[in-house]
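The following pair of complexes shares a single chain, subunit A, combined with subunit B in the former and subunit C in the latter.
Entry: the complex of A and B
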């Protein structure tokens, strides 16, 4: 929070909380989250039992609440029996959320703010890699402990991380370059199929792809190669769509890329050597949480570097006015091509990861539905922004999970939120915000304390 | 603030008072249903849920050993998507702590979900999935329907014995997994009986095609005695009409995909008199099958499709397996394995879609039914074919 923010909001409880928590650096927040997951690991089960919850709330209590709401709706609409004792679950979930998450996070962030600020200030003077490693290590530790408490959390977290990478890779094209591309699930499909071809074909006995070509005890070490292979193949596929389509702009590119998506999908449907409509199953279980975390981290890092480099600035120039950019010596064709290939590469990697998390792929997974999903994440979170992609992917994935008990209503609530965001923030929640790691890790000034 | 604190205190006390009633619920058996309640194919989910609700109404409790348990069914939406199926099943197994799972229905969800069930050592039975990968090398995963390598020969034998066919034609969708597989199994079986070349026309089209006259001209010219077309209910009327228009007056034989959806509403009189192989026959059913159909029709206002019937049987065999364990220990892990063992050793379970016994792979050995579409437009039992 900056000084002007504090001047405008001075009254009410939210403002008080805001004032209390101003001046907490990123390090402080991370420590707060770590404390919260440690609290949950120690007392989570006992607390849930005391509160009368059947089990530890798995997604911050939202799932518990939406389940009760679903029961109420069923009782009203379909006249099913409703157990009033279930109503207790709503306040119980809120109490749980406060005791396990909000209080420890606020307490640690507040009480540790001074120490965290001092540590952040010391680290600020060092080479960027050290504070970055500390922060990312803390973040991973927190996520690891959080996910270790339930397999459901683990799988949700894995798929959410992959969604972050996919959203960010589409944001390069739709946000930074300003074109509307619809072929992203196609690139993802290429990445998923090619990396599966690599891992299943070489190391696993499979009915479709035949016997393992190179059985090897340390085969999991080749997983990065498989992912990169998938990414490169996706880039090559992107080249095929880029060459003809960049003679067009706007709607025409959208239509060409949509056509490309259908071509890829029916290609895989008709390639009997790759399982046809039946797909490929039995990918080795190599996409563990640390692997995904590292790959997604690398993806965010390199995409952020790409979009903040001269290439990225050239892309923004092309988006805002292609003619002017051309006049200012930007090689627009090359800039667009590079962005497209980089976007497709990371989409291919995301596809490879997804194939090894779900451990099954078929062409139907990469259809128009996937496209709608990833476009929603990009536009919900915010164009032209790394933060936006993370916010969009995480919130849509988490909401999708947490509102699952509401069944069909979920498909009314999420699109409704998307519509509201489009009306009130047409470029998305956190659009056009630069992601600067050093800036994010800087110590904050506490209120009432001058630098 | 003081009111807020008071409210929390009151709620906490209320929670403590009510919680014993929640904790007393340990004599409940949870069964999970990861089914597509939303997404591309909500009818499949609705049929499964209807069948399960009907079961629960009829048998709210189950006696295992000396103890009576209350049955509790948990439906989880898998959105007809593979990733979602994985998440939904993980949630059922780890969060809802189900003893056993019935579903998912379609192979695209059942194949990845089967991996999760097997890794978590939870017995799962997919009522409707025909992909061999669903149960392959997965001791905890079973299925409720017969496989295409069995249905192909059933159709081939039927047209040979009942319709006296010596030459057959096949028309199928090359881009869709199920018709293509079945068409090939039929061809194999028919040529085994009548010698190579007895399938005189093997014509294909692509999903979404509406004009079949070129293929029909070839089929009529080939002089085939029968046409086999393993297509979905939405495509069958177009094919049947194309056949009539092009002067093909011989019988047409279909597969179980004919039986779902609104075939008669779309096809009308054109489809009457033809045959297809399927899991069970609605018209002219007897005994338990008839009771099931009558009850289902009364409750939901429509004839149960094969998904509903197979879900009913899969659920029934799962409950039978739970009963056969002779008593549950309360330790979920051990109980799940016990149920899996009991399920594998069930012999001749009398389901409404036929007697079921599982192979070691988890696929059932069960009979197929050939139905004739009669003059009233009903699917009438014609013949039962057993392996």
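Entry: the complex of A and C
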């Protein structure tokens, strides 16, 4: 309605852009991104050359900018030589970002809004699987084209997707259930080692694990089995933490799970049969982008199903008032155990995927550093929220990559941001929001247009 | 036959005897009041009967089956709904979700249903939602179903607790000071709701209450608890005139 729109009109360019793009449905945005990556694929290299950039910016130009800033800091602090011509890279990266991403996205989203809304409205009447397939297909296509342009992007994207799964699985325990678990990297390690044991042990000749036990031409088909095996082993390991810690209430889980993390790490360091501190290398290259995309998608889907069911909501009840939950027939111990084992299972799967992406694992990868990283993702993105997990994992991993040239400063900037989020939004950026696919795909009413 | 029967229940907190030789019988459709000065052990009796504490001695029988020492969720599942003296709501959940949650023991779609969204799950969840909305209508807050529970005024929060307790399909409903902190109008509304529930559902109700108006009007029988011991039991009229009860509340009368 026009009346209410006028009442909420604010001034300034960002507000104007916001108003202009308010009526764009998810479908419109996806098409915009697809257009942007197609533009980049066609003119990206040429544009980068024309702008005087050494090569196509890989992470939206942020990496390019932070490289220049790193050079300046080095010049000031360490007195290294600084080439002023590098300064041109900053505006060039911004121009690149605008021409390749912002403009095409905005243009397609805006101009296609009406058509996209109509399509979304039609699909809204159908069975959920069809619009979901269309949206997810578009998303995959976009990511695939984007990642195909550089190997660096591909590996960053894979690791980011895995981080999403890991964050969401920890959010079940720390967010939905409200306990504080520190053992997630440990479960990840179990998943990574056990799935590697499966794939490397059975199908690959290896220095540590010996000759392949059963070479088979179609061995890649067993990859899901390897992942599930890793996940189940992680769940079994989680049982060791859960049994003693859920007998009592309070902060014991945090302490026991932290102890568990150290035990697991030193266990793998000392098991010479699994490569000791050097770990296992040579995992087969089965974790291709589509595989990871599907596994992570399945993970998000099933975890979201779980947390929106009455079984899952019981976790919220346990968190907010355990006594009341018991009095309302909730078997709190069983609910907590289930959630913990499910969280560990998906962490194990994430570990298995990671092992087959980097194709090398050692115990040092799953230490306290990894714990800090995943906790940051959970608390930055938002507790009790699937959206939050996605936002947290994507922003922390992309920032981590984009600020890499700043070296030590990166470890000041990211924690600072975390502190700011904790001050202004203590539960995280998008906390306590239910994820409803149908709601997300709904057509949007454009400002000034009647519903 | 008594719906709920308590025989010789005694409970110690360390060396302190909080409840001693407590007996109770509630027949179907009966409203029993439990009164007593502060610290008499009324809420302890509730917590013992609902399984939060395990009685040191004695037996509790619900509908002829022994429930002594069962976990609270088992006892609740067998038909014992309760509200709490100081509201125990789940602060991040909506009103509707509160009532849905109390159906936990009744859902049977299992973890497979939870993870993969089977048809059985959606059928059961829809049924639970329908029933929950009905219960909310029954206590008069159907229009607040989708609100966050913290946004509600105090009287409505009390009703959420009531609807939640009803959702476990109680044979006996335990109300722990349902009108504490209420304004006179809210008190009258709450009394009407309780009376209506009693008439419509034929519920047996076990009530802790301080406001004598409420106890006298609603209850069929009243127990007076002082220092963990029942000192008087009888009809409202009998209790009202009982010198021991008056003494417990007001102190001994001294005649010059």
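Throughout what follows, the second predicted complex is superposed on the first by the 440 of 451 C-alpha atoms of A that agree within 3 Å, B and C clash if a C-alpha of one lies under 4 Å from a C-alpha of the other, contacts with A are read in each partner's own complex, and residues count from 1 in each chain.
As a convention for this text, a residue touches a chain if its C-beta (ideal position, glycine included) is under 8 Å from a C-beta of that chain, and two chains touch if they have at least 3 such contacts.
All values derive from a computational prediction rather than experimental measurement.
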Practice item. With the two complexes overlaid on their shared chain, look at subunit A and say whether subunit B and subunit C clash or fit. Key: fit
Check your understanding: Which angle, as a multiple of 10 degrees, do subunit B and subunit C span at the CA centre of subunit A?
Key -> 130
Revision key, fill the gap. Partner touching more residues of subunit A, subunit B vs subunit C, is chain B
Check your understanding: Which of the two partners, first being subunit B and second being subunit C, lies in contact with A:317: first, second, both, or neither?
Key -> second
Exercise for review: Answer with first, second, both or neither: which of subunit B and subunit C does A:247 touch in the superposed model?
Suggested key: neither
Practice item. Would you sort A:302 into first (subunit B), second (subunit C), both or neither based on which partner it touches? Key: second
**Study point:** subunit B versus subunit C as contact partner of A:55, first or second or both or neither
**Key:** first
Point to revise | First, second, both or neither for A:438, with subunit B first and subunit C second | key: neither
Revision key, fill the gap. In the overlay, subunit B and subunit C get no closer at Cα level (Å) than 31
Practice item. Name, in rising order, each residue of subunit C that touches subunit A in their complex. Key: 50-52, 71-73, 76-77, 82, 84, 88-93, 97, 100-107, 109, 111, 113-117, 121, 125, 128, 164-165, 167-168
Point to revise | Touching residues (chain side subunit A, partner subunit C) in the complex | key: 302, 305-306, 309-314, 316-317, 319-321, 323-332, 338, 384, 432
Point to revise | subunit B to subunit A touching residues, read off their complex | key: 8, 11-12, 14-16, 18-19, 21-22, 37-40, 42, 76-77, 81-83, 86-88, 90-91, 93-95, 97, 107-108, 111-112, 115, 120, 131-133, 136, 174-177, 180-181
Practice item. Under the touch definition given earlier, write down the residues of subunit A that touch subunit B in their complex. Key: 49-52, 54-55, 58, 85, 88, 91-92, 95, 150-152, 155-156, 159, 207, 266, 269-270, 276-279, 281-282, 354, 357-362, 364-365, 369, 401, 404, 407-408, 410-411
